[in-house]
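Per-chain residue numbering starts at 1, and chain names A, B, C and D are given in the order in which the chains are listed.
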Amino acid sequence: MPIPLKPASGWRHTCHTVIFEHDTPAGRAFDLCLLLAIVASVLTVMLDSVAGIRAQWGDLLTTLEWGFTLLFTVEYLLRVACVERPWRYVLSPLGVIDLLSILPTYLGLLLPQSIYYLSDIRVLRLLRVFRVLKLAGFLNAGSSITQALAASRRKITLFIYVMLMMAVVLGTLMYVIEGEANGFTSIPRGIYWAIVTLTTLGYGDLTPKTGLGQALAAVVTLMGYGILAVPTGIVTAEFARVRDDEARRRCPACNAAGHDGDALFCRRCGQRLPD
Amino acid sequence: MPIPLKPASGWRHTCHTVIFEHDTPAGRAFDLCLLLAIVASVLTVMLDSVAGIRAQWGDLLTTLEWGFTLLFTVEYLLRVACVERPWRYVLSPLGVIDLLSILPTYLGLLLPQSIYYLSDIRVLRLLRVFRVLKLAGFLNAGSSITQALAASRRKITLFIYVMLMMAVVLGTLMYVIEGEANGFTSIPRGIYWAIVTLTTLGYGDLTPKTGLGQALAAVVTLMGYGILAVPTGIVTAEFARVRDDEARRRCPACNAAGHDGDALFCRRCGQRLPD
Amino acid sequence: MPIPLKPASGWRHTCHTVIFEHDTPAGRAFDLCLLLAIVASVLTVMLDSVAGIRAQWGDLLTTLEWGFTLLFTVEYLLRVACVERPWRYVLSPLGVIDLLSILPTYLGLLLPQSIYYLSDIRVLRLLRVFRVLKLAGFLNAGSSITQALAASRRKITLFIYVMLMMAVVLGTLMYVIEGEANGFTSIPRGIYWAIVTLTTLGYGDLTPKTGLGQALAAVVTLMGYGILAVPTGIVTAEFARVRDDEARRRCPACNAAGHDGDALFCRRCGQRLPD
Amino acid sequence: MPIPLKPASGWRHTCHTVIFEHDTPAGRAFDLCLLLAIVASVLTVMLDSVAGIRAQWGDLLTTLEWGFTLLFTVEYLLRVACVERPWRYVLSPLGVIDLLSILPTYLGLLLPQSIYYLSDIRVLRLLRVFRVLKLAGFLNAGSSITQALAASRRKITLFIYVMLMMAVVLGTLMYVIEGEANGFTSIPRGIYWAIVTLTTLGYGDLTPKTGLGQALAAVVTLMGYGILAVPTGIVTAEFARVRDDEARRRCPACNAAGHDGDALFCRRCGQRLPD
């Protein structure tokens, strides 16, 4: 993720260094604490959803939950305070995630108990689990994985588009062949079956019962194999390209690329290459 | 898809530009409307197949259905009218799909109700779902995905051929080992099991119960792994080749390929290369 | 498959051309008939195993079966007769398959009925399905698929070896964690589970029921992902190498490889390259 | 695995040659015997866990077990005796595995029967199955598989990290959508479902029942496809790099790599390259 603009000096300058940068001892210590707090708070939400654990440790979990909420609130306020353009941070993806990770807990205070206990609103508290997305802040945006995925985006979209077309056709065929008696009660259910089958997921909650249906399923699965190879091929080819690019250096004079890793001079203009 | 021949001038010229071409504002607007109409009409067919929704919204869905049918009929007639060689379009894959996407609805009018409600004929109405194939008109035939798949076609056919041979042998073995008591009631059913297992689909509707059968299944699955890698390898290698070809330029004089991206002169005839 | 030694002249010379070679009209016609006969005879065996079909068409299937057996017997005798070294053909893999595809039918004549109907001996008749392996004679041994698979053999063996070690350890852990109450009745069954899980087959006939078991299953599956990539990576890398080799030509003078596809002269000794 | 330091002479020198080295006839014979003993002892533990076999052959299996334990004890003592720095071997991974493979059997003697038959302690005996890890001693650490996996370690860790983040979010969504009535009794169970689905394992023990849940499952599976391609792409690209490196030779003078397979002179310093 790109680092927000840093104030010139003062406590906001220091604070920015600790919170947003990763190459000072204080920054690394902050990152580690934040990482642990995120993981611990997500574990708290998860354990709170297990009936047996909530019954026995409910009070402890609620206390911990408030602790983490206050911690993340302080962190959020500090982040807003120590960047040059606060609104830009607040509206950035990470800013929205940071806000979303504290709001659900406060919701319980703002709304009266009677409304709060309606199940639809309680469900909102589970949004706390999206705190796990705060971990995305630790991902290196310039890594070759994100590069390769970004480069393959258009092709993968096209692939999913073709896949959905096939799923609609196959799902309808199966709905006609198997019929409602065998669980294929509607076309959307047939499409659900087609996607579960084409991706070789194969839950087994909806399987062909008739001979013709089983023959179609076998053909679809084999066909799905060729298709299955497509996204892998796309991403692999992009990985190979990114890796090749990394292995090549550009000439500072004529910007020519494609030099071998140990070449000393530019192969087009003779300029000495940097190490 | 290749664009059909365009009339020299007149309203058919204008109409051809809007319907078949994608680089004018009108053409793009037409494409977008068509795309939305296709998706909406397929959704209508899908929702109509869900018993609960049909009971409540049946009349609305029938009305919508007739609207889409009339829309696609007009579109089909315009397409036929504004190309130079109408029969060539009518008999092309896209022309057949366009026709198939309107015929099923009219079938209900042409046939008397008493015959129409025989289930086999009602099923024909579901052919309307093949409208989704009209979306294929938006695919770019020259894309690297279609190229790579076309180049791998022979190898993938060979792979499916070997896979089927293995499935016949393994399915028969399993039929002998497990027997009818464990659900393997015939060799075709054994082959169905073998394909579901070799592709790691694994529905679980037919699984080995005896120790020997489970041992064979485990061996087959591990073996299947090496095989599973084959189509992926084929497609990936083709993707890499297509990508390499794209990165190379051809000489305008001698048509030699394989120049590095920054070469200035043809490496065979010395002709200056275009940028 | 390599073609057996051909007699110098006479009817055996002609017969060899038709049966073993694929580049004369007669040879191609023979290949096509043989292909159809193999597929039809395998279908006969398969249909004969379906109880409903056997009850109704049993006599027809038996007659067809004898027809195919006589046909393949004649083919086998001709093959033996028209090669220079008959024993070498008889003992070659294809010769053994050809013999195995006719023996099981004759077994019914040689053994008395009372013994024949013991189920273990009847099962031998199903060996007829191995006729499908006769199709292997049509595979091109020099194709890039077989080359790539042969080149990756050692690495894939190593991979299966590591996979089995992991399956033994994980299967034992699961046997300890889940215990007999949850279906993990022995270590071999645990290993069966581990292989079904590591390969993402996932039948679902044996799944973890305890929280700890489910957590282990989740970890194993994610780990399995890295491993799953290994055979694909191995085969893909070999495909890429085979394809690279194909794209390169060797110098007839100095045997140097690595020329681009359109190079005119050897890049090491200047010898003109063949087209 | 690296070979431990060898004593200069005497019986320990001879013994070290036989036990730790693989290039003398005696060393190869020892390796083969050890391999067979490991496989046989693991089979013994496995068979002992099958109730039916233990009831009938229990005494034989116990005798065999003691035989293998004594054999491995002798092997362990010899290994400790014939290396220069015994403690280094004892504390190495292979040394720990060698010790763990004999300890569990002796445990039965050391502890009184009354305590021994408490099930938790009996379970310790199953640790004998980890003897299978002794096979790791036969793996070639320098192979290209281990190299490629080691090189991809960081990227695969990153991938699993992203995968877990997605699983937490999707598992929570599914817990909210499907609810306890459909088996999604807690967030951890939802995460278990998400991992089983994203990896296309698809046990089918926990599947979405509501329409919305099935739609989400279908979307997740298709998305999972792009992700599924990532580890494969990573490992494949690394395999290709390792293979490329193998195909290149280094200059003995300046250590420059990247020479073509048939180059005669170093392309950087002009030094004649070795064959």
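What to note about this one:
We take it that contacts are C-beta pairs under 8 Å (C-beta built on N, C-alpha and C of every residue); 3 or more make two chains touch, one makes a residue touch a chain.
Just so we're clear, the structure is a prediction, and the values are computed from it rather than from any experiment.
When the contact pairs of B-C are set against those of A-B, A-C or B-D, over half line up by residue number only for A-B.
Of all residue numbers used where chain C meets chain D, under half belong to both copies. The two sides are thus made of different residues. Ranking all chains by how far their C-alpha centres lie from the centre of chain D, first place goes to B.
Looking at B-D and A-D side by side, the one with more C-beta contacts is A-D. In terms of their C-alpha centroids, the spacing between chain B and chain D amounts to 41 Å. Per-chain Cα centroids separate chain A from chain D by 29 Å.
For chain C, the set of residues that touch two or more other chains comprises 159, 188, 191, 200-204, 228, 232, 234, 236, 240.
Those residues of chain B whose C-beta lies close enough to touch chain A in the complex are 42, 45-46, 49-51, 123, 126, 129-130, 132-133, 135-136, 139, 143-145, 148-149, 152, 156, 159-160, 163-164, 188-189, 191-192, 195-196, 199-205, 228, 231-232, 234-236, 238-240, 243, 260-262, 264.
Within the complex formed with chain D, the residues of chain C that make contact are 155, 158-159, 161-162, 165, 168-169, 172, 175-176, 185-188, 191, 197, 200-204, 207, 211, 214-215, 217-218, 221-222, 224-226, 228-230, 232-234, 236-237, 240-241, 256-258, 268.
Chain contact summary for the complex, chain D toward chain B: residues 200, 202-204, 232, 236.
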